[in-house]
Amino acid sequence: MEHPASIINSITLEVNMVNKLSHVDEKGKALMVDVGHKPHQTRIATAEGYILLSEKTIELIKENKMKKGDVLTVAEIAGIQGAKKTSELIPLCHPLQITSVKLTTQILDNGIKVSSMAKCIGQTGIEMEALTAVNIALLTIYDMCKAVDKSMIIKDIKLTGKQKLDE
Amino acid sequence: MEHPASIINSITLEVNMVNKLSHVDEKGKALMVDVGHKPHQTRIATAEGYILLSEKTIELIKENKMKKGDVLTVAEIAGIQGAKKTSELIPLCHPLQITSVKLTTQILDNGIKVSSMAKCIGQTGIEMEALTAVNIALLTIYDMCKAVDKSMIIKDIKLTGKQKLDE
Amino acid sequence: MEHPASIINSITLEVNMVNKLSHVDEKGKALMVDVGHKPHQTRIATAEGYILLSEKTIELIKENKMKKGDVLTVAEIAGIQGAKKTSELIPLCHPLQITSVKLTTQILDNGIKVSSMAKCIGQTGIEMEALTAVNIALLTIYDMCKAVDKSMIIKDIKLTGKQKLDE
Amino acid sequence: MEHPASIINSITLEVNMVNKLSHVDEKGKALMVDVGHKPHQTRIATAEGYILLSEKTIELIKENKMKKGDVLTVAEIAGIQGAKKTSELIPLCHPLQITSVKLTTQILDNGIKVSSMAKCIGQTGIEMEALTAVNIALLTIYDMCKAVDKSMIIKDIKLTGKQKLDE
Amino acid sequence: MEHPASIINSITLEVNMVNKLSHVDEKGKALMVDVGHKPHQTRIATAEGYILLSEKTIELIKENKMKKGDVLTVAEIAGIQGAKKTSELIPLCHPLQITSVKLTTQILDNGIKVSSMAKCIGQTGIEMEALTAVNIALLTIYDMCKAVDKSMIIKDIKLTGKQKLDE
Amino acid sequence: MEHPASIINSITLEVNMVNKLSHVDEKGKALMVDVGHKPHQTRIATAEGYILLSEKTIELIKENKMKKGDVLTVAEIAGIQGAKKTSELIPLCHPLQITSVKLTTQILDNGIKVSSMAKCIGQTGIEMEALTAVNIALLTIYDMCKAVDKSMIIKDIKLTGKQKLDE
């Protein structure tokens, strides 16, 4: 088993290092970034996205909401649970101690806007959790409306804010 | 996409905030509770519950235990693993750094009692982990006995203690 | 590695066999039950359970429901997702192709009743999915009410029906 | 426990029923749709979506690809794994026996296009799996590029095809 | 978004196709293998593996077993649960309807042998489930013995049999 | 329910206690080890393992790598994701805040060597994460090569290093 290797390959997940495209040196070996001295800070990220719906679908959601709030409530719950699964879904995302996730849905004239806020105390940011929450909430709306609307489009998912606060 | 929204809905998961029924203000917007200055404390919760079994089933479990301990051991293992999945199962439960879970099963005259203890160091309590451990252990006993006992009832699952200790 | 073993231990998960306490022969070897010729049938199971709440908590849930339906809707969603996780939570439960899960919550004078119905087409029953749905929904109610109610008890979780129908 | 209920609430997950907004009758009770006689058919769905990137980021991905193919390969793997998690992520999505998922990424002048194809044999469609695959792949690209690109937008995620074939 | 792509990349998960190294054509596009006409057959796979332990550790396990059977029982349970998670752990492994998993542990003079049997009815084999069961059971033994044994080695994990039977 | 118990059984998951075979006292009651005063330290573990392959398989992997790097990249990604799932797979393993995982694959004359490094800041070690990463990466290689190689063996998985550093 001691024969010289002809090919060496390497992938690293690392706090504050997962974000770099250039996360390996020329020989394919990952550099070990030490984050041991980085301060634990409160980190907040906000994100948003849209799903375009037909007028008829929007009417159905409004009626449903008046009665039981199901479509929007189910989407928000799914978004919160999705945020908690981020590090399981995104291969190079590391686990975070999430302290807060907030999902807000808003019915517009031509669709629904989903906004999220995610917060943790740690050594690296929480953008992916905020974005994953929005994505999963939008997919959940798609799932519940797909029997009545064949032209839905999910669009313009982006980060809208990012903050670091000392504890 | 900038049209005024007619309906806004919102759900928040938040440390020390998930427990309030009144977790949204009148307009449906969640309040952002800052827990950044709350102390990290050792938190312990204990819970218990029962499953009522027929005499015949209890005899079979006792015999099995004498030989291999399977039914009770499998239930305890399932309970510990269930505790670790709490934040995945309960939508508004946030992830905790569990440091200890203990499951104890006790054969009674008319069934089995399952007791749990869960412990973490953090800014919020660990009751749901202790209760989930008991629930999953009881369901596991149900599963393994359901071929021989058609009258099982799971009952009286409750929190039996809760403690906060400074680190 | 060919030395005689002094101790042999064995556990089996098997369709139509997981239910027996006596699922190993005297030497600890599991018997291989062949289910290849058993018919695929529609299987339905129903279950129910309760959580006892204070009057004040029931009032808060009713008000909340009037406005947004959150507590009961979140509990029902959690129950459906819990049913889909049954084989992951209960060690000797095998995976099923669930075709339907229904959760119903009902506010009583002294608490909430959760009822479930689960359905699949397969070679073995779906009782555990119906029971798990009820358990997770009850735990979710507990979680959302625990800030205002310190005396909740989960009780009387049981199977209420079981059916097999030819396809 | 036998007191009359003042409020009854209900949510159902059901094959071929999850898609309807109007999935409860006026009293909040779900209708039981029998799918037992629906044929098992091969079902295929295709979806696509985009992530807008800066020129610099596109250059970095192209170079990386030449060397190791990491960014696109990691995104495709994440998309396939995401498709397999669909019923866990979308509350009212039921589990399917996926037989095939294909993810294709294509570098454009202003970003990356992700296309997916998902296939199963069953009694209900596989659109959500195709859409979830695209979403998770796009989020994975976002994660790996977020250190060098602060203006990424995920957009235009939609179903591009749907087919039913007799076995 | 209609600009010509300079680079196209593609990965496919497919029943009976995941096994080929050469699963893409020269242009990187995956070939669509149609398995719709392949028969559903009972498929069985068996696997085994070893963990080398010190004499002292073997003594401790034997004693523990005499009393409660924990170490071996916990390892077997973990192996069965691991088998059920195979398609979640191995990226290009597709989900199977497992009908049976059996784990057997055997104490040898210099360690423990873990054997597994996994069974399903489907259009593709179940080798990875049998192998994953063995791996997770061996890791679980490692975990429970690591405080007393610093020289454990996991070795010789391999498939020992594979069968296809008509239903 | 107050009748004296004839049999009491108990299992505990505890930081710094999961590793002991002798983790229960003579009466089956677990001892509560207090880790509240143990320092939070940076902990690093490294592990390695091999899969033996035929010459033909090694050639195929090398060619594939030259083109797209798939086999090794997919294995490394699977290993990193496996490390993040360790506490879910190993029953008595507690959840850790992983800050880094690195997977390296090396093609040898007779197979592939997989090496891992895992790091966290916490009160207990990270050996199981390093070992799980190696196991899952090796299983993933097995899965992708099993159509062309019928004689693969996974072997010699062991811990190669362990370190504790003050923050």
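Just so it is clear, A, B, C, D, E and F label the chains in written order, and each chain counts residues from 1 on its own.
As a convention for this text, a contact is a pair of C-beta atoms (placed from the backbone, for glycine too) under 8 Å apart; a residue touches a chain by one contact, two chains touch by 3 or more.
Remember, it's a predicted structure, so these values are computed and weren't measured experimentally.
Chains making contact with subunit A as well as with subunit F: B, D.
Although subunit A and subunit D share one sequence, what matters here is the overlap of their interface residues, and that overlap exceeds half of the numbers used. In whole angstrom, the spacing between the mean C-alpha positions of subunit A and subunit E is 31.
In whole angstrom, the spacing between the mean C-alpha positions of subunit C and subunit D is 27. The multi-chain contact residues of subunit D, meaning those touching 2 or more other chains, are 9, 11, 68-70, 73-74, 77-78, 81, 85, 91-92, 97, 156. Pairs of chains that satisfy the touch definition comprise A-B, A-C, A-D, A-F, B-C, B-E, B-F, C-D, C-E, D-E, D-F, E-F. Those residues of subunit B that touch subunit A in the complex are listed here as 1, 3, 5-15, 17, 29-30, 32-33, 35-37, 87-88, 91-92, 94-95, 97, 123. Residue ranges on subunit A touching subunit B, taken from their complex, read 42, 50, 62, 65, 69, 72-73, 76-77, 80-81, 83-85, 97-111, 113, 117, 121, 156, 165, 167.
Of all residues in subunit F, those touching subunit D in their complex are 68-70, 73-74, 77-78, 81. Of all residues in subunit A, only 9, 11, 18-22, 24, 28, 49, 57, 60-61, 64, 68, 70-71, 74, 77-78, 81-82, 85, 88-93, 127-128, 131-132, 135-136, 139-140, 142-148, 152-159 touch subunit D in the complex they form.
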